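You will see chain A twice below: alongside chain B first, and alongside chain C after that.
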Partner chain A sequence: MSAIKKLFLSEKYYFLVLPALSWQVLFFLIPLLFVGLMACFEHTSEQLFAYPTLENFRLVCTAPHFAIIFRSLWLAMSTALFALFAAYPIAYFLAFKVDRFRFFLLFLLAIPFLVNILVQVYAWFFVLDKQGMLSQAFMFIGLSKQPINFLDTLFGVRVVMLHIYLPFLVMPIFTALEKIDYRLVEASLDLGASFFATFTRVLMPLSMPGIKNGFFLVLVTSFGEYIIPILLGGNKVFFVGTIISEYFFIGKDWGKGTAFICISCLVLVIAVLIWNFIFNAVTMRSKRFVS
Partner chain B sequence: MRSVTLKNVTKSYDSDLIFQGLNLQVPSGKFFALLGPSGCGKTTILRMIAGFETPDEGHIYLGNKEITHTPINQRSVHTVFQNYALFPHMNVFDNVAYSLRLKRVSPKIIEQKVIKTLKKFQLEPYMYKSVTQLSGGQQQRVAIARVVINEPDVLLLDEPLAALDLRLREKVLIELMELQDELKTTFIYVTHDQTEALTVADQMAIMNPNGQIEQVGTPKEIYEFPRSTFVAKFVGSTNIIKGHLQIQNGTHQLVVQGLPLIQLSQSSEALQMNHGDMIFISLRPEKIMISKRQLEGFSNHLQGIVISIVYHGRSTQYNVQLANGMLIQVFEQNEEHFPKDIIDYDDSVFLYWQKDNSVILVE
Partner chain C sequence: MIPAVLRKNLLSLYVLCAFLFLYIPIFVLVVYSFNQGEFPLQWQGFSLHWYHELFSLVEIWRAFQTSFIVGLSASILSLCLSMILLYGAKKFPYPVLSLFYVNILIPDIVLAVGLLSLFAFFWVPLGLVALIIGHTVLGLGFAIPILRARFDEMDDFLIEASYDLGASETYTFFYIVIPFMYPALFAAALLVMIVSFDDFLVSFFCAGSSTQTLSLYVFSMIRAGVSPTVNALSTIMLFISSVLVFVISWFNISGLEKKS
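Moving on to the complex of A and B:
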């Protein structure tokens, strides 16, 4: 038996992760280390690494910078939470209440992925503009007398982010719910639970892996969101993404830029850990009925 | 413990009529079996009593109280599901404590009650194990413990033994009977297995594939006195003989072409029939005596040739062809190691039975 054949027939398939792992190491881990390293050095026009210093961090650790980081975090968390509340009923409906058109509806949900994000964002201009549909709808209902410009507002940014990120939450929750035997819901109701109790005691803990997956996917990606705030936020309010591009492409200050990346990453990791703790605590409580 | 009554219930899915004008009375505190072939709608009946389905027309009563439109979670009716539907994210204790915790019973009382229940079902050693680690039999005991702890008026069991192996089934059947005897809760047991139904039931109902209830009675009544060809064939094995009724000098006989007259008893069914009616009778294989010799003292005898023999262990099945080509099944107990009269293929034999042992089928 040849060595390669032996490798393929062996019980351990660890070698199968090699392509992905080497990709990750080469193009993610090493550059990330590089970013960390650059943050700890003074750069001059002659030398990329002149001498080690913590000066970059000192300059970045200021109130305005942290304000931007926390504004981004707040936007990311609220987007993820809103999307979670909006996505769960959709996923529930798709998993349990639809039979025949399930894949058609899932396809509809995936349609935005087929369209370039820039096209999607520009399409929103027609909705959010002063003469746009949303403004006209507000005037029609009588909520406002003058046309309202939703472009260049935080509200517009939120609406579009929710729209863009919603499918990222629906999919994992749908996958998690689909695996749940609906008879568990029936059994819970049968034992006297209300629908709400059935949700908190049975459905939610069992679909928690999907909830977590989707939530973190949205939290992490929307934290660094760049295009939507730039195009729809009117560049009036700054977010992490805009600051990074400012440092790298306009200011060409790589030292402060990398230091800022390090700090915002740290804040994001802490936020993720806190949310993970919250989700785990909620799951544990729902099992044991601690309230 | 309460009785369950279905009155004039009609149910259809899309345009598929499951049953129409169904009436069923389940006596209070009895072990009631609902027996029928797959797809006859017996599970739908269970789901309507539990509240998962609502009838299109008709009424369902729990005791004297109408529950047709009562929400599932407000019925004192609990279900043991076919696949048990245990909560996979909870351990045995949490599964059993589920309904009590919903009622906000104090944790101390919950613990006492759960441990008492777990002890009763010999589940105490597995208290903190995940339900997914248990064997099929243990899972099933958890499923029963989980509903019994809440002391429901009616317990619904939807083919609870389907996932267990044969030996375990027999054991669990006996345990279920003992449990029902102890709790006196009304049990409604749905199955397509006639042996299970005959074993456990105090009362049973037989459903045909069209969603109609053919007969209700004790297992003995159903087996010994089936009313219809469907019941006679579905519960146990039987020989159905078709012929014309002849009434002569107050005695009843069955006239079958090519066979001697078959004497019938004057049962209440026979008295409803008229001379010349076409009727069917059911004759259970074990009620027939088979012999190579001529015997006296039987009201009926037929002659035939053994065409096949199937050995079952405790009994032997003989398939006998009569003069008119009809096949008759006979079961004989294997009482002795070395029977004197060995019956073999192609032997000419006599079949004997008393007239009381055949039943006239009404439908």
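Moving on to the complex of A and C:
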């Protein structure tokens, strides 16, 4: 038996884990550690780590900074929740109600998933502009007399966030629903449960893993969103992503920037834990009466 | 009361609206890229003028070249690392693979800032190498779940049968393992390429001042204002992405059919 063959058949080829693992430690874990470390140090122009201090945190723990964090959190949470409610019927339709065009519809969903986000955001310029489609539609229905500019408004940011993150929620819910035997739903309806009861007692608990995956993915990634606020939000409102890049590129104040990242991540983790608790409570509640 | 026909098709109608919501902006974008006029919000007739204009820009070709080199290197690197990792992780006592799932679960900006400070600390010059490193980290997060799903389906007896029938280990690897993994490898390679092309934040922080990827170029163009040239560029990017998505899903489906 040669060396390679022995490697494959024996249980002692653990060292093959090393290349990817060291890459991960070196370029993923250590950078994250660096962010934490830099927040605890004072920087000079010559030295990245001059002397340890908690001054950065003190400077960042102010009301305006927390206002930015909670504004971002609110935007991320409302996007995730709204997208969840919008995505569930689509996932349900794709999983149970359509057969022949399923591949085509999934393909249509996968395109916005993988097309450059800049292209999609740019596409909205033509809808949200003062002479764009949305403003024209508003005038046509008679909701407004003058053309409205939706660019550089929070409304525009919200709509585009929903557009970008909707497919991120449809996909995991669809995969969860697809595994469910539809006869369970039919049995529940046959036995006299209303559609609402069937949904809360059968469908929702069974698709909860997908709901959670999608929700947390959207919550976490949209919290640090940079492109949408910077391109569509105007320069009036700051979010976590925009203020961090401001600290790094314009202020060149890496200490405060990293301290801000630490604090906002802490808030995000707390929010994720609370939402996880809520989802678990909802699942428990819907299971309580079943057995 | 809602008419019965409408009520029966309420769900289909809703899904139709959702897809319209997803596609109307993109449709408008594509239409205006063929507009003749300079001012992009008024239709003045069909023309390919802006595409012509686009292809004469030198910076765009340079940006595309950078993106292509970075994307290709990142996808080759992450595929090799993932395959080696999967071999090693098979009997590794700890769930080492789940460590990599975090890569796509943290906000991009945190990773970008971390990489920037790491490179600054070790005096690594920002640019091509820094970009390849960062995109490989992102790529691992996408490649490992895909490859793992396929790798777990592989039967160990397949390998042992190959050895029993006298095949060498290199032969087994290249004629049994790789062909079995082929659909997943292909899909993962394309996906990492797309992710690398689409990535903005890691490129934004790690590219430095002299290197420009396609995303960074598009960003600077959009910040400069709405122009039909950007529409033309976006349309081309949209087209390429759709073709790649189609190829990936077609490959996955044919792989599934073979299995069943």
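Keep this in mind: the second predicted complex is superposed on the first by the 263 of 291 C-alpha atoms of A that agree within 3 Å, B and C clash if a C-alpha of one lies under 4 Å from a C-alpha of the other, contacts with A are read in each partner's own complex, and residues count from 1 in each chain.
In this text, a residue touches a chain if its C-beta (ideal position, glycine included) is under 8 Å from a C-beta of that chain, and two chains touch if they have at least 3 such contacts.
Computed from a predicted structure; not experimentally measured.
In the overlay built on the shared chain, the residue A:287 is in contact with chain B alone; chain C does not reach it. Using the contact criterion defined above for the overlaid structures, shared-chain residue A:108 touches chain C, although it does not reach chain B.
Within the superposed three-chain model, A:50 lies out of touch with both chain B and chain C [touch as defined at top]. Taking chain B and chain C in turn and counting the residues of chain A each one touches, the greater count comes from C. In the superposition on chain A, A:270 makes contact with neither chain B nor chain C. By the touch criterion defined above, A:27 lies against chain C but remains apart from chain B after alignment on the C-alpha atoms of chain A. Using the contact criterion defined above for the overlaid structures, shared-chain residue A:124 touches chain C, although it does not reach chain B. Chain A residues in contact with chain B (one complex) as well as with chain C (other complex) do not exist. By the touch rule above, chain B contacts chain A in their complex via residues 50-52, 72-74, 77-79, 81, 83, 85-90, 94, 97-99, 101-103, 146-147, 150. By the touch rule above, chain C contacts chain A in their complex via residues 11-12, 14-15, 18-19, 21-26, 28-29, 32, 40-41, 81-82, 84-85, 87-89, 91-92, 96, 99-100, 102-103, 105-111, 113-118, 120-121, 133-134, 136-137, 140, 159-160, 163, 169-170, 191, 194, 197-198, 200-201, 204-205, 215, 218-219, 222-223, 226, 230-231, 234, 237-238, 241-242, 244-246, 249, 253.
By the touch rule above, chain A contacts chain C in their complex via residues 2, 4-5, 8-9, 11, 13-21, 23-24, 27-28, 30-35, 38, 48, 86, 89-90, 92-94, 97, 103, 105-127, 129, 131-133, 163, 166-167, 216-217, 220-221, 223-224, 226-227, 231, 240-241, 244-245, 248, 254, 257-258, 261, 265, 268.
Per the touch definition, chain A reaches chain B in the complex via residues 181, 183-184, 186-194, 197, 201-202, 205-206, 283, 287-289.
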